[in-house]
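By letter and in written order, the chains are A, B, C and D; residue numbering begins at 1 in each of them.
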Amino acid sequence: MIDIFSLSVMDIVNWSLHVGLAHFLLLAAVLFSIGLYGLLTKKGIISTLMCVELMLNAANINLVAFNHYRPFQDFSGQLMAIFSVAVAASEVAVGIALAFRIYREHGSIHVDELNNMKG
Amino acid sequence: MGFPLLSTVLLAPLLMALVICFLPREAREQIRVLAAAAMGLATCLTLYAYAAYDTAVGGMQFTEQIPWVTDLGVSYSLGIDGISLPMLLLTDVIGLASVFSSWNIEKRAKEFFILLLILIAGVTGTFVACDLFIFLLCYEVVVIPIYIMVLIWGSTKRVPKEYSGMKLTIFLLMGSAFMLVGIVSLYLGAYPAGQRTFDIQALIMASQMGNMSAEFQIFVFLLLLTGFGSLLSMFPFHSWSPDGYAGAPTAVSMIHAGVLKKIGGYGLIRLGLMVLPLGAKFWAPLIAGLAMINVMYAAYCAMVQKDLKYIIGYSSVSHMGYVLLGFAALNVVSISGAIANMVAHGIMASLFFSQIGYVYEKTHMRSIPDLKGLAHYFPRVTIGFMLAGMASVGLPGLIEFVPEVTIFMGTIGVYPFFAVIAIAGIIFTALYILRMLAKVLFGPKDEHFAKYEDQKGVEVLPLLLLGLFLVGFGIFPELLMRVIDSGVQPLAPMLAALSDVPMLLGGGF
Amino acid sequence: MNEAVNLIHGVVNWGMGTAADLDMGTLIDASVFYALMWVSVLSALGVVLCKNVVHSALLLTASFIGVGCLYIYMSSPFIGAVQFLVYGGAVAILIVMALMLTRRDDMSESNPSRNIWCRVGAAVISGLFFCCMALVTLLTPFKNVTVDLGDSVTGLADMMLTKYIIPFEVAAVLLLIAMIGALVLAKGAHES
Amino acid sequence: MSEFALTHAWLIPLLPALAFVVIGFFTRLDKSISAKIAISMISVSFLLALGVLAAVISGPITMDNPLIQKVLWAKMGTLELSMGVLVDPMTAMMLIVVTTVALLVQIYSVGYMEHDPGAGRFFAFLSLFASSMLGLVISVNFLQMYAFWELVGVCSYLLIGFYYYKISAREAAKKAFITTRIGDFGMLLGILLLQITFGTLDFMELKELVPAYIWISGTGFMTVVGLLLFIGPIGKSGQFPLHVWLPDAMEGPTPVSALIHAATMVVAGVYLVGRAYFIFSALPAVMTVIAWIGGFTAFFAATIAITQRPFKRILAYSTISQLGYMMLALGVGSLTASMFHLMTHAFFKALLFLCAGAVIEAMNEEADIFKMGGLRHRMPTTFKCMAVGVLAIAGVPPFAGFFSKDMILAAAAEVSMPLYLLAAATAFLTAFYMARLLFVAFFGEVREDCPAHETNSYMRMPLVVLAVLAVVSGAWGHFAGFGEWVYFGAVQEEHIDFMIAGSSVLLTLIAFALAYEIYVAKRFSAHLLAQRFGILYTLSYNKYYVDEFYTIVRNTFVDKLGAVLYWFDLHVVDGVVNGLAKGVGCLSCVFTALQNGQAQRYVAVFYCGVIVLVAYSVFCAVRILNLLGGAF
């Protein structure tokens, strides 16, 4: 039996107040999940793009958090975050261009009307 | 190594298919002549092999072996013995006949003959392969052309041809899936890593050395039984057979009913019995019971059919019951009978299908209520129907008699109950075959058919060719039995030892 | 099962010292973190829940800024700055621009979601995903070690121009290509 | 010469087979050449058979010391199937009978089939028929016998259905084949049991083994085997429950009926029992069954024959009745009587049928005897021959039937009184219906519209020859000592029991007188009699509704059951298959729903996969992390 009840309230409060890597990872997970939810539900192509940005952000938080709390003597985590931001930026640019193009082709930017991938 | 006879037999159709690929679509005449030439060559060589096969020595002859994937123990190894030689002969004869039966094909003739030749080569390969890998490879080669041919050249009657083609293919593939698992288990179970091989002889050796436990054999045999059984249209897996034949074009029906089905029986004997004797012993009562069901049940189903191809489809299921019964009895006589019966049924069924195909080609009818009194306008077709029909009934002097009697002789002592029921099948076979012949061939003249011509020229060749074997092997069964006996005789000690093993499943009915 | 119990205990005990460690600094730290966290999370939620896409875009910017502040909180000011500039600035503007370009009608219902089943499914999937992630996070006994590495801008510049020069250049090329690609796409090849 | 014939006895069946091949392949379309080939081949066979007969009479060959030649036919493992020639007096007798009748029938057919375009085919089939029967006669083992037995069956199928454009002929042929097939099934089982019990099917070897086996193990098992074997003859020789095909078999051309009813096909069953007599005679229970089935069939068929109207049908039932006699003789233990009757019957029945053919042809295919009348004026030769035939079958001395029938009656009287009475009653009925046939068709007034005329010489010659044989064969057999020649066990002494002979002759004469009174003098009205015996007449006229009964049985147990099983196949066996396919289809619907072309759906599926993987790796990681002991 997992003895969950042996954890006292104090233990949990204590853990919550000592901000550490886990907190950031959980935050990233929350943001990521919110982004995922949006990605799955939104109809507008730009809204989905925004959700993707959220998810990318969550990933960046992870990178930076690891760099901060688990240092490997340099800033490689942060560097990765920078690259990630660069990629994200180009992705947004291309994504929005695509959205624009789709809008012109289809007169709509609703993802659920795009099923060209269907076999 | 002398002249690579078997390779030539195997590759002649393939190479010709390749040559035909480069011919223009319009050269229909040349294409069919070339296809016939390739099959003629293969048939002649096979006949030579049949004559030159030394029955006194027995065993694998005309062997060829080239190592292929040595790490896996795969080699391109061909050879024939007394069991595979009649099958090879059957394949080539029926292949040749099927080329002639497709002589008048108009639609996409080039593609048709290419696929037909590939199909024949695939079937040939399964019979001449001494290596399980080659066996499987050739078997898989067979499946695809059949599917395409049914879809393009098939016919839609009770069920759409798409359905029948799909059913045929799926059953074949399902069978081959079970077979594949069985064969891989054999491969893995026979020898420890490093010595593994796909060579059938080596696997038989492994089995004789006791490398495979009884439980292993029983399990793997069940896999093989499911695979080969569905190929052989064993009872619960038979429903593809009538539907498939009904949808398939003539040549495919001929090859399918004539030889492809026999791969099941051949595999059961070659792998099931030779490699896994204990497994065979364990499941034999089940097989005998299913065989009995096959015989009677399919005969009953054939009784109420309206479509000629369905009748022959069910009839072939029924006849395969005899083959299974002969196999299940596990003695030299019955197994010889089973092999001979496969040959007999192959010739007979393909003759039937070629004649039905001809009638269908001309009249676009094959339903019994539509066809009547064909004897007035199609005397040669009538002869074909009568020959095949009488052979199915088991008339002495035609090919089916000796195999049937042999199977009965081998079986009745082992499974008296099943055998008696199965023997009663001869009455029902006579009933449905004669009903069909009577309704289709005889009766008053029907002017509808006056405009159609009887077979002539090349169209008669399937009848002549298959009829020759039908009667020849019927009057001189020793021609066939001599070869089969030399193949089955070496199994005698093993079968004798097997008969001392107590029966595990069921018991003798 | 025992090992799982031990692990849970380990998780709870690890890296947080005891109640005696609670001092003012820790509390301030924590309150800053939670404040920023709520900003980011709530505005992210707003992004996905708002009906008006312009509101979503603005909330997205808020969320980015919250995250940027967290970077600074994690003593990574350069990344924070980049976050403000790129996300809070460029990306946000880009998105708003795109919205303006692709939409001419009423904005109040401009951010539609799919039907209720879709949303339930999405919620389940993302919820499960979060659970997985949380589980992984909580089950992993991290030890929090913070080391002062000095000036992050200098450090990053060093790395970027030495060890990571090639990825750096590739990123530059990527941006260039993205820019050209975006232009071509947006303009339409056949309209040249 | 006779020595040559003896060693080349295998040529006897082979020559007509050769004729079949030659006619079938080359001269089918030329009537006269085909006829010549067929007749010359069967003539040579006939000469060879004569030579065999001479050799058998003069040589050392007896029933216990036959001449045997064998060749291997097929061999598998320890099982050897051989074909061969067994010549003993019984064989020689059968060879003569078969070749004589076949030869005469073929000559007759030249006339009969003059205007038929399919005559070439007809001669081919006739040759094959004769060949198969001859092959059966010289069989050396059960398998060979079974093989030729089947061939005889299929030839009869081909010949009965010769007029393939007639639906009735087609159905009759089918019926004949399938009914005899039922018998063959039993016989095949019997043969298989013999094979697995004794390991051989050779008559001579079995003759040694069977008595020893019975002595050791009792008759129980062998009784089963014997009964099974006897089912074959029941089918082939038209014995009681399987007799239905024989009357219909007259749908074929009349020469074929003559051949089937007289010399080939139907007597095959009797011959088989005779050939395997060493088995049957050792089994009293089986013998009783044979005797009673024979006796009952004889009586039963005779009662049907007295009310039938078509010419050939009366003869057909008389054949069944006479075959019953032969079986009865076998059952009461007299092989000699049976074979003797077989021989005489072959001649006079062939005669009767050929006469029938002549009459029916002359009457333009009118078969009902009550539409004939006074034919003796129009067809004097045919009438004389017919009269000889009738006297012979009725058993009037000194015609052939008298001697053989007397021998059977005597044998029956020795064994069982009820059987004797049955046989005597049958003799009475036989005389009555044959007289009825003769009187109605040939006496009385000539009808005005009667087209009858005397037949051509091809058809007359065989009639005369057969008439002569029908007169002399009985007396010849009696005085030349048929019983010393064809016998089983001990030589059977020839003597006429005057008590039995006298009473049967008396019965015959009474029957003749009765028939004369009714049908010629018309002192009693046949019509009135029929009304008086209403139920019996209806039963007899409708052949006791056996056919109807079989139709019901077939409809229920074959067609209905077939339909049910086919339904099962379509809906259950195939239903499972199609259900599986549907299941897979549904599954694929599910999977296609995952790929509806919208990126979001793909993302969802992707994350589902991620969740599963992560969950799985967490599950694994719990253990691994524990092992690492918190290395982080």
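To be clear about the criterion, a contact is a pair of C-beta atoms (placed from the backbone, for glycine too) under 8 Å apart; a residue touches a chain by one contact, two chains touch by 3 or more.
Just so it is clear, the model here is predicted, and its values are computed rather than measured.
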Labels of chains that are neighbours to chain A and to chain D: C
Comparison of A-C and C-D (more C-beta pairs in contact): A-C
How many Å are there between the centre of chain A and the centre of chain B, using C-alpha atoms for each centre? 62
So, what's the distance in Å between the C-alpha centres of chain D and chain C? 98
Mean-CA-position distance for chain C and chain B (Å): 68
With chain centres taken as the means of their Cα atoms, state the distance from chain A to chain C in Å. 5
Residues of chain A that contact two or more other chains, please. 36, 40-41, 112
Set of chain C residues in contact with two or more other chains: 4, 114, 121-122, 125-126, 129, 133, 140, 142
Residues of chain D touching 2+ other chains? 600, 604, 607
Which of the chains are touching one another, listed as pairs? A-C, A-D, B-D, C-D
Provide the residue numbers of chain B that touch chain D in the complex, in ascending order. 167, 170, 236, 238-239, 243, 297, 300-305, 331-333, 336-337, 340, 373, 375-376, 390, 393-397, 401-402, 405-406, 408-410, 412-413, 419-420, 423-424, 426-428, 430-431, 434-435, 438, 441-445, 477-478, 481-482, 484-485, 488-489, 492
Provide the residue numbers of chain C that touch chain A in the complex, in ascending order. 1, 4-5, 8-9, 12-13, 15-19, 21-22, 26-27, 29-30, 33, 37, 40-41, 44-45, 47-48, 53, 56-57, 60, 63-64, 67, 70-71, 74-76, 78-79, 82-83, 86-87, 90-91, 94-95, 97-99, 101-102, 110-114, 118-119, 121-123, 125-127, 129-130, 133-134, 137-138, 140, 142, 144-147, 149, 152, 155-156, 159-160, 164, 167-168, 171, 174-175, 177-179, 181-186, 188
Interface with chain C, chain A side, in the complex: residues 1-4, 6-7, 10-12, 14-27, 29-38, 40-44, 46-47, 49-51, 53-54, 57, 60-61, 64-65, 67-71, 73-76, 78-79, 81-83, 85-94, 96-101, 103-104, 109-110, 112
Touching residues on chain C, where the partner in the complex is chain D: 3-4, 6-7, 10, 14, 114, 121-122, 125-126, 128-129, 132-133, 135-136, 139-143
Help me check something: in the complex, which residues belonging to chain D touch chain B? 72-79, 81, 143, 146-148, 150-151, 154, 157, 161, 164-167, 170-171, 173-174, 177-178, 181-182, 184-185, 188-189, 192-193, 195-196, 558-559, 561-563, 565-566, 569, 573-574, 576-577, 581
